[in-house]
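Paired with chain B in one complex and with chain C in the other, chain A is shared by the two complexes that follow.
Take a look at the complex of A and B:
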């Protein structure tokens, strides 16, 4: 039982990161119908920026995160701008276009930061807390708190502000939104920037948990994406639950299957998604009539 | 034709002579390039032709290579035996990876296939038998009597022959019925199902083809490099392969090959700067997707179109503009009255309900349509007419109730099964296959081959060609009858709306159905076109086909239909002859909303015009 909970807690904190990644995917998808395969690489750029400002420029961790979020947001604007002609049009082309962006981002990261990668020390004391016999790293708690706060802020933004409401409207029907005077392009750009900012947040937070390297985007992105699909693509609560579920699944497969954890994770994911393609909270059917 | 043969012969001779001009390093580069081209053809077939996002092509490649490596070094099998087993393994994995395509498409399929590709790399990196991260070395060279295949120059010729066969086979598939069905499925899977294309099996066939090409490339890779390691089959190489296919033009196999060759050359050119090569091809992918979605293969036609817009013309005088010819009636059965029509209704809908979450689109709908009838279905917008059609034609499974076709239960059958059983339909918002020509649209519907007949592609190609020729002459007949012969070579989206409507009816009739469902066939047509439509529908009925049509044009319904069923809010509120229905108070209420008001309305014929 002890081991079970220990594995579970370990999975939840990485799952919170996946949830942030999934949230970015879902937000962009529901607003502009764009599946951003480059999202994982945007997370990687965020991770490098945060670690650079934290380690090399020696800013405080929180400030480094803020700078990383802003800069990554700008990267998001650029991607959105280039792919704008494809929005709400050909799904497959867009998907491939974002893969192209991912390839470029990964190569740029190698050019700027080198191919080897770096370890980022934890910004809070490493000594784990012990709660009813389960050891919890303080940093994990911090990750959970920040992820929860970011989610709440996002939901408040979407539900309580005019801009957020406009984005919801675009998500439901972009043509009708245009008809009532919403600037769809700007709304999409904002969605993309927020998505990139969430990616940077996830990247900054994952730095001390994993090793920061140019290739980290691949697996983070795919698992975040898997989380988004598992929860129901385009759904905010779905992204959170799906992301955490993937994290926990990952943690358990790592415990039981060691090196083969990725193999098992993706097989399990495939089976779940075949049984229920719309995910847990999904509303849209996959084959739209 | 002569030019084409000359070009092919030229390429063949150049390829045959190529090794004489290359040093040992260059021949190695060329050998690897051919493998990429093989993989690109497979990926192009799955993605560009069949529209199945397949990000596991590199895993099929890996299965081919690793199985060969493991069986030759660990199990001591001969190279060719191992190769045969490896091909079978790759095909099996292809079918396995393709299974999710039955349930999901597009980006869902993308992430699942990518995940499975990652799972494969994860397995070979960790597995003892696959040699872990070090991989497997010392794979024996494939033995061939009299030829030393450890020599890369000789190996080149083996690859060249395999490549020529593979490319020819790929092009053969694309241009014959199988490829046509795949392209139809890519353009519109729903409409493809409605004309009898077995969509699920076809998706599996697409993955099977992709995996066979992957497997061939894998076997050759093992024989050429004689060493396999996980990084060759990484996601980075998957994306490189994807870039090749996109840049070359995914819908065109020659384009895929050109893309593979050019990117392989680019990589070679920037061999000392692999990262910059990556930036370059990533950027080209983005630019291609945004500015030239058809890739390099689509450039020639784009250039000629651009030149033509600027007033360039060449090669003879402008031909006469294509024109819609009058419809030629079907020959009526010799004695319509004497031919005994089967007893009982052809279509029987009993208590059918369809709920979408809270919304009851259909609520206990029952109706029976007799053989040879023209039945009209009318009702206000949102009354469930199209939903009823979707249930009858198998696009929706009803929440409750039964559907029988000619006495056989058909409730919830897949749309292609219903199409094969003799139901054809048109769609309210036109669902033609956009990237197929008008002739090909009709050809897909004419084609009655089942997936099981696909074995002919492997063993009896002459049969395929013969069948294709028969289909083509049948298609010309259909086009001639519907007066569409002038438009045969054009894409439907370039045609006026009225003609597109007629193409859709022609496509439906190409199935030689027993029951034809027309969903608002007169929408958007002008007066003359509506008159022609009425003539076509009457002729179709006289040829022995039962017709059910949804229509808002009451003039047409009144003059054409023997019986009319009126739907409102998902329920049948009236049924009878047009005259009976038009005066029924509940019908007037449904259309005008308030029965009290109907007293002020002068004449029924005006109300429902």
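Take a look at the complex of A and C:
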């Protein structure tokens, strides 16, 4: 029983990170109908920026995170700006474009920070809490709280603000949205910026949990993408549930299947997707292709 | 609608294939002045190691060590009046990329190869190199390297069998610890460590209380570590590369596991210490052929030259690559710059007094059969007094 709960908690904390990554994927997808394959690499850039401002510039962790989020948001703007001429014209080229951006970002990280990577010490040095034999790291609680807060802010933005409503409208029908005077390009740019900011949040938070290196975007990106698909691509609650589910699934398969855990994780994922091709919250999936 | 959906699937699979193709295409070579043959001009030696990716710190150390040896030889006139040209290839720590690199160095006329630091990559490259007749001295230590049985494959250090035999002897016989848990990864290195250590334990009548296998890409070890914690072992054996080992120790400490860890080469590195956090690795028992830079005059001299060249402390992997390069160059000198089988035979015949000890190669391509035990005390690896 102790193993069960401890495994669950370990899975949830990484799952929260996957959920943030999945949110970024889903947000861009629901607005533009585009899978941003550079997203994992944007997470990596966010992780590097946060660790640089935290370790080298010696800002407090929270401030380093804010700076990283802003700078990574600008990276998002640049990606959207470059891809904008292709919007609603050539979808395939845009996809390839995001892959290209991913490779560029990884190369850029190697040029700036070197290929080796770095370890980030935990900003919350407090000892883990012990609850009936289950150990909970204080940093994990912080990650969960921040992820939850970010999700709530995002949902409020989409549902309560005019800009958010405009983005929803573009997601539903971009031609009709243009007809009623919504600037589609701007709405797409905002989606990219928020997506990149979420990526930076995920990257900055995952730094002290893992090891920051130029290739870290790969596995985080794949797990986040799988989370988004599992929850129903384009759905906000789906991304949260899907991301956490992938994290927990990963933890349990690691416990039971050890060396074959990765295989089992994606087998289970495939079966779920076969049974429910639209994911868990799939009925709300937007399809613009 | 369904047409579109199908088209999207097609596009996505195209995208996936393109990504793979692009990754495979990342040209590993950095220097491309091929066409020079073995008849004159510089002697072309390839260094193949991960220069990017999670294992790139290994590649960086290897490069520094090998480069130091090349500089030394070139300063004193090279080999038979010919300079040594060391070209770097990035295998990204990936066996598939490694096989591409193997074909490339065969095609471009390199006569010997230094690297790689990853057993899996070296094993993947071995058949191509054997076919092309290119001797290769690796820093890998998996017993799987010996199992390849290539007459062109040499090791610049002991195999896991030696590391773990020494370690098991110290833990079980000297320290009297018999309640031991294992956590190893399923990569080539981890599997080698697992098998070698389990065997060394069983000859001493010890069965591990827990035997957890993780993947090389795993990030969360809660399940494995909680299982281990419930068995309450006195010591945990760790068989994984630097970064993963560090993450395991960090998570173990946060789960309230306080017993020491033990392992081979990776646990003696600064990357392991940084990833785990220095306070968390106190008391770690390490089996290594190169415990510190202060063992003897040769290591002190090497460490000083290393520090002068790169401004950082030398460590095991740089020393191994340095030894490996020295052995290849000595063999080249002794054989009057032979190539192919003749060079491989010359390497096998080379007796070298290296930083790791005295090399004398046997038929399996292993030249050294001893390691020492150290423990991490106040963040530094210190030899145990025996």
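Just so we're on the same page, the second predicted complex is superposed on the first by the 276 of 289 C-alpha atoms of A that agree within 3 Å, B and C clash if a C-alpha of one lies under 4 Å from a C-alpha of the other, contacts with A are read in each partner's own complex, and residues count from 1 in each chain.
The criterion applied here is as follows: contacts are C-beta pairs under 8 Å (C-beta built on N, C-alpha and C of every residue); 3 or more make two chains touch, one makes a residue touch a chain.
Just so we're clear, the structure is a prediction, and the values are computed from it rather than from any experiment.
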Simultaneous placement of chain C and chain B on chain A, clash or fit: clash
What is the contact status of A:101 with respect to chain B (first) and chain C (second): first, second, both, or neither? first
Taking the superposition on A as described, I'd like to know which of chain B and chain C A:83 touches: first, second, both or neither. first
In the overlaid three-chain picture, which partner chain does A:219 touch, first (chain B) or second (chain C), both, or neither? both
Between chain B and chain C, whom does A:270 touch in the aligned arrangement: first, second, both, or neither? first
Could you tell me if A:93 is touching chain B, chain C, both of them or neither one (first, second, both, neither)? first
May I ask you to decide whether A:60 touches chain B, chain C, both, or neither, giving the answer as first, second, both or neither? neither
If you stack the two complexes on chain A, which partner ends up touching A:37: first (chain B), second (chain C), both, or neither? both
From the superposed pair, tell me which chain A residues show up as contacts to chain B and also as contacts to chain C. 35, 37, 91-92, 95-96, 99, 103, 110, 115, 219, 258-259, 261-262, 287, 289
Contact footprint of chain C on chain A as seen in their complex: 2-3, 6-7, 9-11, 13-14, 35, 37, 91-92, 95-96, 99, 103, 110, 115-119, 121-122, 128, 130, 135, 137, 209-211, 213-216, 219, 247, 250-252, 254-256, 258-259, 261-262, 287, 289
Where on chain A does chain B make contact in their complex? 35, 37, 82-83, 85-86, 90-97, 99-104, 106-108, 110-111, 115, 218-219, 222, 225-226, 229, 233, 258-263, 266-267, 269-270, 273-274, 277, 286-287, 289
Would you mind writing out the residues of chain C in touch with chain A in their complex? 1, 4-5, 7-8, 11-12, 14-15, 18-19, 22, 51-54, 56-57, 59-60, 185-186, 212-215, 217-224, 226-227, 230, 243, 246-247, 251, 254-256, 271, 274-275, 277
Residues of chain B that touch chain A when the two form their complex: 47, 51, 53, 99-100, 103-108, 110-112, 114-116, 118-119, 122-123, 125-126, 189-190, 235, 239, 242-243, 246, 275-276, 278-279, 281-286, 288-290, 293, 390, 395-396
